[in-house]
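Next, two complexes with chain A in common: one pairs it with chain B, the other with chain C.
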Partner chain A sequence: MSSLVGFLSLVIAIGINFYLFLSRYIFKFKKQKFNLFIRLSSLLTLLSFFSLMYAYVVSDFSNYNVFQNSHSNKPLIYKISGTWGNHEGSMLLWLSILSIFSFFFSFTKNIDKSFQRLTLIIQSLLHILFGLFIVFTSNPFLVNSILVNEGLGLNPILQDPGLAVHPPILYAGYVGYSIVFSIAIAGLFQNTDDEWLYVAKKWSLISWTFLTGGIALGSYWAYYELGWGGWWFWDPVENISLMPWIAGLALVHSLMMVRGEQAIKKWIVFLSILCFSLSVFGTFLVRSGILTSVHSFAADASRGIFILLIFFIVTGFGFLVFLLKEPKKSNDLNLLFINKVSALVINNILMIIATLTILLGTIYPIIIEVLYNKRISVGGPYFNSTVIPIMIPGFLLMSVAPILSWQTNKINNSKKYVLAFIVLSVLVLIQSYFLDFNTWGFVGLLLGFWIILASIIAIFSSYKIKINIKFFKIINPHVAHIGVGIAIIGITCSSVFQNELDFNLNEGDKFIVNGKTVLFEKIETTNEINFQSLRGKFLFDIEKNQSKEIEAGKNYYPVSKMITSEAGILHQWNKDIYFILGDQKNNEWFVKVLINPFVSFIWLGVIIMMYSGLIAVSRR
Partner chain B sequence: MKLSHFYKFLHIIILGFVFFTFKIFAIENIEERVKKLTLELRCMTCQNQSIYDSDAEFSNDIKKIVINKLKAGESERDIKKFLVARYGEYILFRPLMNYNNIFLWSFPFILLIIGLFFILIMSKRNKV
Partner chain C sequence: MNRIFILTPLVVLLVICIFSLVYLLSGKDPNKPPSALLNKDVPIFESSSLYNSKDIIKTKDIKNKKTLINFFASWCSPCKIEHPLFFEIRKKYPELYLLGFNHKDPPSDAKKYLEDDGNPYDFVGVDSDGLIALEFGVFGLPETYLINEDGKIIYKFMGPITMDILKNEIEPLL
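What follows is the complex of A and B.
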């Protein structure tokens, strides 16, 4: 029953969008009615999504999709998250978020009504495209032809609270760029004033913030679930999410130039189209099964071709309009070495180079396989030695960029910065000599601390310190950059200064980690609702009274016959102590302990960036 | 002081540091060399995991091979050649810098040069 409701409302919603698109040129709608229809179609799409979710929650196995991807004895949260833990459901989630964005956009005030309608028409077109894709190639409402009492279960690796919320947030980022795309195209068609740039800025900041959150959740999940002690692997799927993120960052920064009355519309439109194209392209690569990873569920060639088609339609249409309806030439940029405009231009160029390099590195193995029928890998080392050096000048610039002037290349208090930089580099150098010296470690620490220090100097020497909301809005760019600096320190320390210790232990053994005695208490096996768990229990720092308990082990999921590793992590503000329980050999357990310094700084930095993304939304 | 001077200055400092550190700290012990090398090798039986990170049987075997060969005095290059001959280029996370991959490796730097020219042209047009 719920499947029927879901399918009908999905189809009706697509029908409404068709009608809206056609009626624009046949009937003349009153504007309230137009918005009403948009909202109606959004609500219907949501209804369709929730009826699928309902089928999952009540384990309605007469729905083929539920049968394939769910199981009745799962905790409720994984029944809910199972809705998007498969291809069909996640595409429906994609469409639902698209319509949520249309829904909220239809309420925007202070915007030209005909412009708003044009934007929503383009959204409707996207809705139709993706809606048809779902109906024809990935319908989640198919009826199960056999009668069953039990489902096949959800991939255990997805049964995790972090991964339950990761897809909706990431999708909100991806799909958010659809609105930016529609606004940019509408802006090209109407080409009236620059008002749309401010609207685009708000929505691109919202999408960027969501995307940041989604990526961070994904890598935090990788950190504690994959159990290798790393959090970023330059995996193709990660790269795919990183591309729209960097392009989106470039977009947000170029939209700053609107405020400096230096609008470079052409470039902004280009970036808006690029961001959404990259999002769709990412969906294509992941969903087509060309890349293998936890994200590519059952792969099906016809879906891949359909998404590729959508990608070509969207990108082709976008760039075609861009070429035909090129925005009027804006006034020349006031480039000086170095003022704010040139800093922003350099930043944009570097970010685009980084995006394109990641794009090439990600699809290069596919190209080589098609051309030469040879398999090669392009992995972390390639990206580390191309993308990171390219970004370094950008990191150097960002420390002072927010206080640069639009007009001249003079900077106040420049002596302060030079002095601070010299003192800082000597300090970091001395520190590096006492620890193991590492070139990347040195450069990373220097950059991170320099960004933070220069931003703080800039805040204190350029603005009057007041504690009110307006002040926080003014210093927001600096705050965002401090967040980046903190994240850089965390990234550098955790990757360069990571320490690994290996032990072979019996139950009851004591061993030393980081100067503290750790007791390997016992091995415990328990039966949970949907898995069996094997846990090694460790007591950290037993000499103190408040010793901390750490559990590391594995889970066995009988339904899908899979084993997942569960790392035990002791979080401290300046380091994570990361326990991995290996296999048992000759009556001894292999235990790996990783000491990851300053990992928490990465997440702190990301949270600060997201905070300032949100603050920037409210600032005009 | 103009900011441009400041940045030139800053750039020289950083380049100097990087250069010296490469010179001084080139000597590493075997353990570090093993880590550095195995981080650049793919575990063929895992999913996008490096041999260093993985505890699969395949990875442990390769780790042993790498350690033995390094102890025997073979260079990283020789070891990579040996592994490529055995398992194919797929095992290398860092693609070979050879004629076939010239586009892959030069692409970012070509873009960088185009970007530089772009800025130069834009700023020249400004001055006129």
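What follows is the complex of A and C.
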């Protein structure tokens, strides 16, 4: 029953969007009614989504999708997250989020009404495309032709609280760019005033903040679930989320230039189209099964071709409009040796180069396989040695960019900065020399600390310190950059200064990690509701009374016959001690211990960036 | 000049879409990597016959003739499924040399299996410790390799071959 409701409301919602799309040219709507229809279609799409969720919650195995991906023994939260833990459901989630964005956009005030309608019409077009894709190739409401009492389970690696929320948040980022895309296209058609730039800025900040959160959650999940001890692997799936993120960052920054009346409209429109195109391209790469990863549920060529077609239509349409309806000429840029405009332009150029570099590395294997029938893989070494150096000048610049002037070359207090930089360099050099010297470590630490220090100097010397909301809004760019600095320190330390220790141990053995004695207490196996767990119990720092217990092991999921590794992590503010339990050989257990310094700084930096993103939304 | 810049994204889009489309239509499955041995020399091996331990086959013995190498075992049920097809091949291509490698199998079981289901092979080599399979990069049984006259591997298939695969993929190479 719920499946029927879900399917019907999905179809009706698509129908409404068709009607709205045609209405622009055939019928004349009153504005109010138009918005009403948009909201109706959004609510119907949500109804459809919640019907599917309901089917998951009550384990309605007469729905084929539920039968394939759920199991009555699963805890409730994973029944709910099972809704989007599969291809069909996740596409419905995609469409639902698109609807939510349209819904809220229809309430936007202080925007030209006809402009708003045009934007929503473009959203409708996107809704139709993705809606038809779901109905024809990925219908989550198919009826199960056999009568069953039990489902086939869900990919156990996805049974994790982090992953339950990761897809919706990431999608909110991806799909949020649809609004930015629609606004930009509408801006090309109705080339009247520049008011839409402010609206675009708001929405692109919202999308970017969600995208940041989504990527960070996925990355954190990879850190503790995959058991490799790292948090970023330059996996194609990570790359395709990073591309819209960097392009989105460029977009947010170029939209800043609106404030200095230096906006390059053409460039902003280009970035807006690019961000959403990259999001759709990412969806295509993952969903078509061209890339294998934990995200590709089932490879199906027809689906791949359909999404490729959507990608082609959306991106082609966007860039074609861009070609034919060139934005009117903007003001000339006030480019000086070092002023805000030139800093923002350099930042944008670097970010686009970085995005293209990642794009090249991601699609290169596809091109090579088509041309030479050879399977190659482009991984960490390529990206580390290309993307990171490209970003370095940008990092250097961002420390002072927010206080640069729009009009002149002058930097206030420039002597302070030079002095601070020299002192900092010497300090970091000394510190690096006494620890083991590593060029990347030195560069990373210097950059991270420099960004933080310069931002703090800027805050204290350029503004009057007050504790109120307005003040936090004013210093927000600096706060965001401090977040970046903190994240850079975390990234540098955890990757360059990671320490790895290997042990072969019997139960009861003691071993030394980081100067502390660790006891390998015992191995324990237990039966949980939906899996069997094997855990090695470790007592860290047994010489102290408050020794900490760490559990590392594996889970076995009988329904899907899969084993997942569960790393045991001891979080300290300045390092994570990361235990991985390996296999048993000759009665000895292989145990790997990784010491990851300052990992928590990465997450802290990300949280600060997201906070700034939200603050910036409220700032005009 | 400006126009060219604005055209670039469209051109890039077209290139990406064309390559992706070709990739999708070629039916490539990223889960099934092409063998690293494809178009390489057949690995060096030496194996004794299942029926006579003094009868030895070496890499150079299959030079100058087209050879189909099949890894099988009596305990492998998919092998049983593809087994009758080798008689088809035998009948249709009498020139083709059929070499079977019996993988990690007690000889008595292997002999019984070939007695019950028939023996289509010209030579059945013993690979009791699986070292030959290791050299060939065998992933799981059954696996089939086609070697040309120059001793190069020109085709590899993982899993039981079927009539379709025989018709569409193997026969064009024979």
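Structural remarks
Note that in this section the second predicted complex is superposed on the first by the 620 of 620 C-alpha atoms of A that agree within 3 Å, B and C clash if a C-alpha of one lies under 4 Å from a C-alpha of the other, contacts with A are read in each partner's own complex, and residues count from 1 in each chain.
In this text, a residue touches a chain if its C-beta (ideal position, glycine included) is under 8 Å from a C-beta of that chain, and two chains touch if they have at least 3 such contacts.
What you see is a predicted model; the values in this text were computed from it and never measured.
Partners chain B and chain C, once the complexes are superposed on chain A, both fit on it without clashing.
Of the two partner chains, neither chain B nor chain C is touched by A:Ile388. Here the apex is the CA centre of chain A, and the angle it makes with the centres of chain B and chain C after alignment on chain A is 60°, in steps of 10. More residues of chain A are touched by B (comparison of chain B with chain C). Looking at the shared chain after the overlay, A:Lys374 reaches both chain B and chain C. In the superposition on chain A, A:Ile542 contacts neither chain B nor chain C. Judged by the touch definition given at the top, the superposed model places A:Leu501 against neither chain B nor chain C. Looking at the shared chain after the overlay, A:Leu8 reaches neither chain B nor chain C. In the superposed pair of complexes, A:Leu132 makes contact with neither chain B nor chain C. Residue contacts after overlaying the shared chain place A:Leu40 against neither chain B nor chain C. By the touch criterion stated above, A:Phe312 is placed in contact with chain C alone, chain B being left untouched. Of all C-alpha pairs spanning chain B and chain C in the superposed arrangement, the closest lie 6 Å apart.
Shared contact residues of chain A, touching chain B in one structure and chain C in the other: 292, 374-375. Residue ranges of chain A in contact with chain C, taken from their complex: 270, 273-274, 277, 281, 284, 288-292, 299, 301, 304-305, 308, 311-312, 315-316, 319-320, 322-323, 326, 363, 366-367, 369-370, 373-375.
Touching chain A in their complex are the following residues of chain B: 1-4, 6-7, 9-11, 13-14, 17-18, 21-22, 24-25, 39-40, 42, 47-50, 53-55, 88-95, 100-101, 104-105, 107-108, 111-112, 115, 118-119, 122-123, 125-126.
Of all residues in chain C, those touching chain A in their complex are 3, 6-7, 9-10, 13, 16-17, 19-31, 33-34. The residues of chain A lying in touch with chain B in their complex are 228-230, 233, 235-236, 292-294, 332-338, 342, 345-346, 349-350, 352-353, 356-357, 360-361, 364, 368, 372, 374-382, 385-387, 390, 396-397, 400, 404, 409-411, 414-415, 417-418, 421-422, 425, 429, 437-439, 442-443, 446, 582-583, 590, 592.
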